[in-house]
Amino acid sequence: MLQSILSGDLPRSRVLSVALIAILIALALGPFLFPGTRAFATLGMICVFIIVVAAYDLMLGYTHIVSFAHTMFFGIGAYGVALGIGHFGSGFGAIFIGILGALLLSAALALLLGLLSLRVKAIFFALVTLAVAFAFLSVVTQMYHITGGEDGLRVRVPRELGPAFRPLDSVTGFDLFGFLGVLFTQPWNLVDGFRDAFFTVRFTGRTLMYYALFLFAGVIFLFLLRLVNSPFGRVLQAIRENEFRAQALGYRTVLYRTAVVILSALLTTFAGALFALFNRYVNPENTLNFELMIFILLMCVLGGMGTLYGAIIGAVVFVVAQNYLQDVLGALSEAVNVGGFVGSLIEPSHWLLWFGLLFVASVYFFPSGIVGQLRIWARRREVQQAVAERQAESSARERLT
Amino acid sequence: DSIRVAHVSQFSGPLAAYGEQLNVGLRLGFEYATDGTMQIQGRDLELLRKDTQNDPARARALAEEAYAEDDAHIVVGTVASGVALAMLPIAEEYERIMMPEGVADAITGAEWNRYIFRVGRNSSQDAISNAVAIGQPGVCVSTIAQDYAFGRDGVAAYRQAMEAEGGEIVHEEYLPTDATDFTAAAQRLFNSLEGREGCEEGKYIFSIWAGAANPLGRIQDLQPERYGIQLTSGGNILPALVNYADFPGMQGATFYYYELPDNEVNDWFVEQHFEQHNEAPDFFTAQGFAQAMAITAAIEKSGGSTDVEDLIDALRGLDFETPKGRMHIRAEDHQALQAMYHFENVVEERSDWFSDRTVTAGVPHLRGVIDLEDMDIPILNQ
Amino acid sequence: MSEPILTLTGVHADIDQYHILHGIELQVPRGELTVLLGRNGAGKSTTLRTIMGLTKVPRGSVTFNGKEITSWSTSRIARAGIAFVPENMGIFGQLTVRENLVLAGTHGPLDQSRLDWLFDLFPPLKKFWDRPAGNLSGGQKQMLAIARAMVEPRDLLLVDEPTKGLAPAIIDDLATAFEELKAREVSILLVEQNFSFSRRLGQTVAVMNDGQVVHSGTMAELAQDSTLQQDLLGLGLGAHQ
Amino acid sequence: MADQQAVLETRSLTIQFGGHVAVDEVSCAFQAGTLTTIIGPNGAGKTTWFNLISGQLTPSSGQVLLAGEDISNLSTEARTDKGLGRAFQLTNLFPNLSALENVRLAVASRYRIGHVFWQRASLRRDIEDRARHYLDFVRLGHRADTPVSYLPHGDQRKLEVALLMALEPHVFMFDEPTAGMSVDEVPVILDLIANLKKQDDKLILLVEHKMDVVRSLSDRIVVLHHGQLVADGEPAEIIASPVVQEAYLGTSADAPTEEASA
Amino acid sequence: MSQANPSVGPWALWRDRLLKLQSDKPHLVLLGLMLFLAFLAMDPATWFVLTISGMAMGTMLFLMASGMTLTFGLMSVLNLAHGAFISLGAFVGAVMLTGALGVYTVSPSLGWNLLAILPALFAAMAVAGVVGWLFEVIVIKPVYGDHLKQILVTVGGSIVLIQLIEVTWGANEIPVPRPGALRGAFVIEDWVPLIGGLVMEKFRMVALLLGLTVYGLMLWVIDRTRLGILVRAGVENREMVEIQGYRIGLLFLGVFIAGSALAGLGGAMWGMYREIITAHMGEELMISVIVIIILGGLGSIRGCFYGALLVGLINLYIGYIEPRLAAVATVGLMVGVLMWRPQGLIPVIKV
């Protein structure tokens, strides 16, 4: 059963399995475990990025097409919904039209990009897409009367997805971290801590939106997992390894590559639309920026290229770091409280410095990504265990004789 | 119960310096307003600080966090107009006061809601005061601005005010926001003014430009004086004023430069700033100070109540003192108004502007104060 | 006879987590041509790479010209006077033939008489002198790879399967070239599958199997003994040669 | 001439690189059920000719015909689809995939299931069984799970042959299949090729420098020199011809003749 | 017009020559075409000013892009932190001009000015070079040969560098005094036909000179020395270069330092041009830099030079005709060129 849901591509590492289960629980029960708007936003962004990164991994990790124009599709999705709602009002019909239009545009652009990749290869292609994405960004910014320019657009979601809609009232949540905090710092207040940890969850339309997001992320992820483990996925791997030879084996690599680019673009567009609905605000900075592109790339590489599970791990680690690193630094610099150059280094306003360092370090220490690394460790342990067993067996046999 | 003011602005990334200045100003302002007690009407004042990283999505989340979790009564927003605009709906959702800092007209215009109060100037104010400063019959102006809402709005307001003064706008030039090479634009500006009839009182090029790469210097390099063209522009932050050294005699209008206003608050402010930071206070520091003065005045007016409706009542029509002079918040669109300063640029060497260096800079010298009555600032939120 | 120019004692080698060589014992006499034989996967190429310092050596020692070079860097080993023609030829496809050879001459400009000798051996090199080496045919690349190792005098040549892909006439010329090098006191360690070629040139021979040297002796001895050949090399086909 | 239609034919096939004519007006036709060996000095244009036939290069002029149909303008993939299979002179595989996966890709191409994205690849036992079959064929069964980059050179050569077999083409093109293979393995591959020949409808083209191999297997020998087809005929006759002796086997010619006479 | 047989006679000859020129010297053809089209689109005086200014802008861009194409061409390292080095150069230059050399800057005499400018440029190069050295050892070395990782690591490194600049010099914008002699413009005397009365900014002329000098020097090093061959070989196969007995690590380090120093030089010049600098300044230039180096053919110095000229010119021409299209036109130019020549104008690296 599990085998067939996960298309036979199991996590293959105990640590990874545990982490994935924990993430699944955290995302599924998130609004009831972590109080606060920031936590809520973080959960939503994780789901969005799981889709985006998984789709990107299909291109990058499984087919070795390095494109920096991915945010373009994300932006198209987001702006599609924003403009749809802007023009046709806050209804589901408007959302549908917006998404449909965005998907069509993305498909067309992806097709062009796929064709471009035939003529312009490898690193050239990567850099060209970077420039194209930049041009797209600049066009969107310049058409400010339609797109709002740098100021972006507000997305007035339908009432059912907004904060005013209250399908359920007063659901109780349990503040997991709050409770754990008490447990570790003041175990003597455990009972009080336990009681205090309960809180009231405002179950609104936004919560509904979150669950829609969560659901889509799950379904798309499983779909991609099946895809990469299908014969089609194997051909992609072949193209990644040696496109020339794949052609000589009779595979029309052009079609495969274009199909992958388009599929990936469409999924990303869809994720962009979900993002707009969840975030209720779109602007170039958030959807089209080069920085965002690099972040997606980092999530992909950090999680582990060519392992879809990496998309989940990468998105979680990254989004959490992005949202909470500054607070950690703040706490740290208060605790340490040194002045001068060193002091200014750990000032929260220089959190980007540490972020950059983590960025570099993660590429070094997880050259095959977190998932890849975990799998390597797991395999090493298996081998060691096998060796140990064999030794134990032989020594036992010796003792017998 | 304390009064909680959350300053949600960018403290890292490209515009971090402005956020920092605002924050310094805000603290100084409260210090002055409360005589150092940090209490208003017997209630403690609590100042929170959150870094948007110049990311609108994050800014929205932080504003929500400030209202929902920190239970802040007032959120003071950011100087980046886009980010500020993105935050506005949050105030409406949570029904709490927000005081954004961006200059976009839309903040107290199209995107306004009743919880929004702006203590800073808006871009039309800037533009109009500049038009008033030099405008008279026989003046011809070509404008150069960035091609987006801020630039276009500004020029439109400028044109209206200029025409009201009897001057004439000859040509409008718009460039991408990130342009760095102005040769082509200068060429066209010159073409538009060169040999034009009926400009006895002067030919000007007026620039409205946000960001570092100001076109004035590049235009000046191409020697506009050959065609009898002068430059004119608004005020700027101190580092930018350093480059104004290239434009001796240039005139314009600004909302603040620390030596222009003549009032008690400013005296205290400048003195304290030099004492604490060993350098001159800038644009946004004064802005933050004014912010604090407005908040204090409002809460005093409401008798210490921080209930949102009480605050709205108090803020509407509020008059308060700031380093920039006396200010007034219009009831209609919650936009604060102030007198502006008509200046003329004089090249001087200044060692007191920055703590670490001496610079040769274009220093604004007062030519006159443009009173509120002289400016017709449109109400845009209807 | 003088001491061997190269000695491997108990050399082990790892690639990644795999243990490939298990205690190689090998000597290359000075001024002679030693042939290293063995089946596919016996570890011949790995042995050569290990000598060049290209694989990790957890145990054992490599001595060259009386100096222990086990832990030297590859470039230092090369500068000490060892040239290496790898199995995959390793030519620089983006560079021209000329540039490939210029780089191989580490001591300044190339010696014209030596070049002429090479052109004589491998005429295509002259013909394609200023063309990108990546466009050469398989055999031409092989020629270039060998020429690169011979463009300057070196003390020891490590050559990995030079004859594969070469036309018979060229193989013939190559044999002559090796003879000449031997005459110039150059020592050669040759890995070769072409038994008739190695039998013609080799003086000493070592046979590898499964990461170990399982036999070493003179070529004459092995060439006579067809049971030994059958044993070590499985020369079912070769026996009739 | 017209008694049997040629399976494969090249007509005045020519390609130039810059000023250099690598293949020069080569016209040649091949019948089914034959094995033709192509010999010629290094750089004669053998591999280039292969590249033109299999579509890696586009000719400057001339045509390639497969079963009478002009395929000069088809892509490599389309030609493979039509039953033209090719193994490469310089090993050209999927280095990070296992040996089995390499062959499986070839089998999957042969059964045209590359576009299937809804099935789990690992559940296609039929494909895997065939792949294992071909792997055993070249005596690499024990190496099925080893990544190709870990295989020694000789084994990679064998895998190259396995991939070609797995494609089950009508036309087999081998480019020096035994180069670098150890002496005891060579006969295995040769047997394999000889067995192919027994299937009547197959056509085999072979580039090879080992003269004993050439002699024992070929039905016909074609000689290329400076891009031109200089001789074509029965093996014995060709090897004896002075052109070949001089241009290819070398003047001294003692080593080859030694082989030849043994 | 009615030629009897177009395939003979001077027409055919010219057409053949043109075709040959087009395939052998695409950069010259393109440059000529652009100059010509622009000439048709505007009046000659404007055209002249824009062309000179555009070329000067181009050479300034070349200064900034050359380092990146150098590291790519010679060692196949894609350094997206290049922008941070540009910023670094700008800051060092600014500090030198305002601080230690402030006195020389203010003086309007060219001689004294040069005393300020040259050390400032050298300091910018030196500091950028030293930081480049550290950067190579710490950040780049572990990811040789893997473009994807290089992109990631250098972006991370770029964030760190920019933050360090902010920690050191503060997050404020810093004004850069432009030395007196470089302010203003040369005015062409009125009696000169056609272009009389036109002005050309002095600074641009200096940038033009400097750019041409650096270009010449770089060409000399790459073409006339063994270094060029050596490092190109290293890109293809490090192991083989070591097998030939060269210490490739040192070699790459040297190239990277040179590339960083060039970025520093370009940054210092750019800072003086803009007169106000921020830590993010270099980042904003990266798109232009990237367009230039792809346009010219990744890794080609010559291509980079022509690419920079083309970008500088098109920016001004389009900026004159329709400023909104400037950014799109640049990228459009690049995509167009790549469709015509997938490896750029003067390819060196095959992909």
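Going by the order they are written in, the chains are A, B, C, D and E; count residues from 1 in each one.
Going forward, a residue touches a chain if its C-beta (ideal position, glycine included) is under 8 Å from a C-beta of that chain, and two chains touch if they have at least 3 such contacts.
Listed by chain with UniProt protein names: A, E = Branched-chain amino acid ABC transporter permease; C, D = ABC transporter ATP-binding protein.
Values in this document were obtained by computation on a predicted structure and should not be read as measured data.
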| item | value |
| --- | --- |
| Joint neighbours of subunit C and subunit A, given as chain labels | D, E |
| Selected pair, greater C-beta contact count between C-E and C-D | C-D |
| CA centroid of subunit A to CA centroid of subunit B, Å | 39 |
| Geometric centre distance via CA averages, subunit E-subunit D, whole Å | 49 |
| Subunit B-subunit E separation of Cα centroids, rounded to whole Å | 37 |
| Whole-Å gap separating subunit B and subunit D, where each centre is the average of the chain's CA atoms | 77 |
| Where subunit A touches two or more other chains at once, by residue number | 138, 142, 349-350, 352 |
| Every chain pair meeting the contact rule | A-B, A-D, A-E, B-E, C-D, C-E |
| Sites on subunit A touched by subunit D in the complex | 4, 7-8, 226-227, 229-235, 237-238, 241-242, 244-253, 256 |
| Subunit A partner contacts - residues on subunit E that touch it in the complex | 78, 139, 142-143, 147-149, 151-153, 155-160, 162-164, 166-167, 171, 287, 290-291, 293-294, 298, 324, 327-328, 330-332, 334-335, 338-339, 342-344, 351 |
| Of subunit E, residues touching subunit B in the complex | 46, 49-50, 53-54, 57, 98-99, 102, 106, 166, 170-175, 177, 183-185, 187, 197, 199, 201-203, 274-278, 280-281, 284, 315-317, 319-320, 323-324, 326-327 |
| Interface residues, subunit D side, partner subunit C - complex | 17, 39-48, 89-90, 150-155, 176, 179-187, 209, 211, 247-256, 258-259, 262 |
| In the complex with subunit E, residue positions of subunit A that touch it | 60, 66, 116, 119-124, 126-128, 130-132, 134-135, 138-139, 142, 294, 297-298, 301, 305, 341, 344-345, 349-350, 352-353, 355-360, 363-364, 367 |
